[in-house]
Amino acid sequence: MQVGLTHFLVVSALLFCLGLYAMLSRRNAVAILMGIELMLNAANINLVAFNKYVAPAALNGQVFALVVITLAACEAGVGLALVMAAYRNLETVHVDEINVMKW
Amino acid sequence: MGELAAFIILSAITLASAVVVVTSGNIVRSALSLVPTFLGVTGLYILLQAEFVAGIQVLIYAGAITVLILFVIMLTEGGTGLRVRQTNEQVPLSILAAAVLAVLLVGVLAQAPWPRAAELLPQYTASGIGEALLTNLVLVFEVTSLVLLVALMGAIIVARRER
Amino acid sequence: MSWGLEIVKAVGLTIAVFTFLAVVAAMLGVLLERKIGGWIQSRLGPKHVGPQGLLQTVADTIKLLQKEHIAPRAADTAIFNTAPLIVAVAGLLDWIVIPFGPNLIVRDLNIGVVFFAAMASLTVVGILVGGFASNNKYSLLGGLRSASQMISYELPLATALIAVAMQAGTLSTLGIVNAQAQRGWFVFLQFPAFVIFLIAATAEVNRVPFDLPEAESELVAGYFSEYTGMRFALFQLGEYAEMFAMAAMATTLFLGGWRGPILPPVIWFLLKMYLIVFLLMWTRWTFPRLRLDQLLNLSWKLLLPAGLIWILITGFFITFF
């Protein structure tokens, strides 16, 4: 049996849902960011799979995947800087303990 | 047949490591499991004949973003190695939400009649991507560099210690 | 069933490359380091074991293998044991894209240079978790310092690689060696990129003058203080393999790879690689160690702008000449 588009789409859907579970149920802010990275990777697999099977002439899917990788790096950088600044002031990284506007 | 075996092995590595990432009680272990996940995704890109994207994925995701996540874990609370509860009270609801979304996505995506193209990818995708980035998609290229610059400055300013 | 044949070929080549590295890099490299260090410091190196001390590394390896494996009680054992494996495997995977002769390459990837940089950046993860998993303040500090040094120097390394790839017009290492046949060796055409590559390569493998993370007088032994026996040997193997890989990549990118007049290509390649290794060892025993802030200043404020300006100049020259 040949590996087709459907296989890649199923894998990326499962990876996306694992990332979604991490984002909804973890307390540590860095773990939530890890879930976001998993979701971005799942979207990238989709982009590259569609590029190969549906629109291979122009490499738009792969270029878009590169842009998503770049933006994921930016977002991880700024997000982790925010986590560190929050840890310095609030002394916690667990998002369910950050529940008042003024402490 | 070999391609199917490679696909199954790579998907198994990716999904098993992703399960460890999202369910492990030790935050350093779940950050370290990101490395096999990203390497599995790299293998899937190579199966899709996107070798330049695969190289960049290892370089940036497994090499830089994982290091960044590990740094922040070690510099904040996770660095003490104490075992704290890692999941909040929304666990049953989030399992339900993720499962429903998974069933929905797999059901719809596996059945949709995607148009299959007949032509093949160019042989050297690296040069094709370079040409595309500098001719058709040059605006995307420039805006991405601007976003990188802004993110760089923003991260430095946000994380700086207040004097 | 050609994929079965591919798997057999891959396993065979892995064993061949690993054996080559274990003999050349680990054994001869460690011995060369101690001998060259001795000569530069006006003393003889090891000379008792074997003729002229040639079997010294064999003795060292046997000593390391039979040492007791001690793990700190509060260390996370799974991570503690995996960290040296990551460093060793990443150092060995670099050798896939290095051409020893006209068709003597494990696999000529058409993104060879990007693959090399990617494997060099995987080492950082192993060092960081090795430092963390030892449950020891000095290891953690050493691991963090080493990781920040290595990620700072990946950028100038990448700019040097980009400049060479632009000059050659291809990312594949075989293509770069063939491009040097027409225009001359890139060490003359791209001399700033050569200098930046050597400095960044020295910092990537944590050698003096950039070895603050493993300095004995500062941090006991840095991130591998708590490792004994075979795991310590694996860390050292990974570092030496990566140093030799950087030297081999420098000969491929800048010194014309295997090209030379009379001798067979593999001999020329090994000669040039050992020349660069000698250069790296010479700098080790000559320069003092840089402090962490001096080291990071050198990377971010000097090498990275120099690399970017050199890419601009290379682009200008390629377009107009």
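Chains: A, B and C, in written order; residue numbering restarts at 1 for each.
Methods note: contacts are C-beta pairs under 8 Å (C-beta built on N, C-alpha and C of every residue); 3 or more make two chains touch, one makes a residue touch a chain.
Quantities reported herein were computed from a predicted structural model and do not represent experimental measurements.
No other pair of chains has as many C-beta pairs in contact as A-B.
The most distant chain from chain B, with centres taken as the mean of CA atoms, is C. Per-chain CA centroids place chain A at a distance of 32 Å from chain C. Per-chain Cα centroids separate chain A from chain B by 6 Å. Between chain B and chain C, the centres computed from C-alpha atoms are 27 Å apart.
Residues of chain B in contact with two or more other chains: 3, 52, 56, 64, 71. Counting partner chains per residue, chain A has no residue touching two or more of them. Contact residues on chain C toward chain B in their complex (touch as defined above): 2-4, 6, 74, 76, 78-79, 82, 86, 109-111, 114-115, 117-119, 121-122, 124-125, 128-129, 132-133, 135, 140, 144, 147-148, 151, 154, 171.
Listed in rising order, the residues of chain B touching chain A in the complex are 3-4, 7, 11, 14-15, 18-19, 21-22, 27, 30-31, 34, 37-38, 41, 44-45, 47-50, 52-53, 56-57, 60-61, 64-65, 68-69, 71-73, 75-78, 84-91, 93-95, 97-99, 101-102, 105-106, 109-110, 114-117, 119-122, 125, 128-129, 132-133, 136-137, 140, 144, 147-148, 151-152, 154-156, 158-159, 161.
Residue ranges of chain B in contact with chain C, taken from their complex: 1-3, 5, 26, 28-29, 32, 35, 51-52, 54-56, 58-59, 62-64, 66-67, 70-71, 74, 79, 81, 124, 126.
Chain contact summary for the complex, chain A toward chain B: residues 1-3, 5-11, 13-22, 24-28, 30-31, 33-35, 37-38, 41, 44-45, 48-60, 62-63, 65-67, 69-78, 80-85, 87-88, 92-96.
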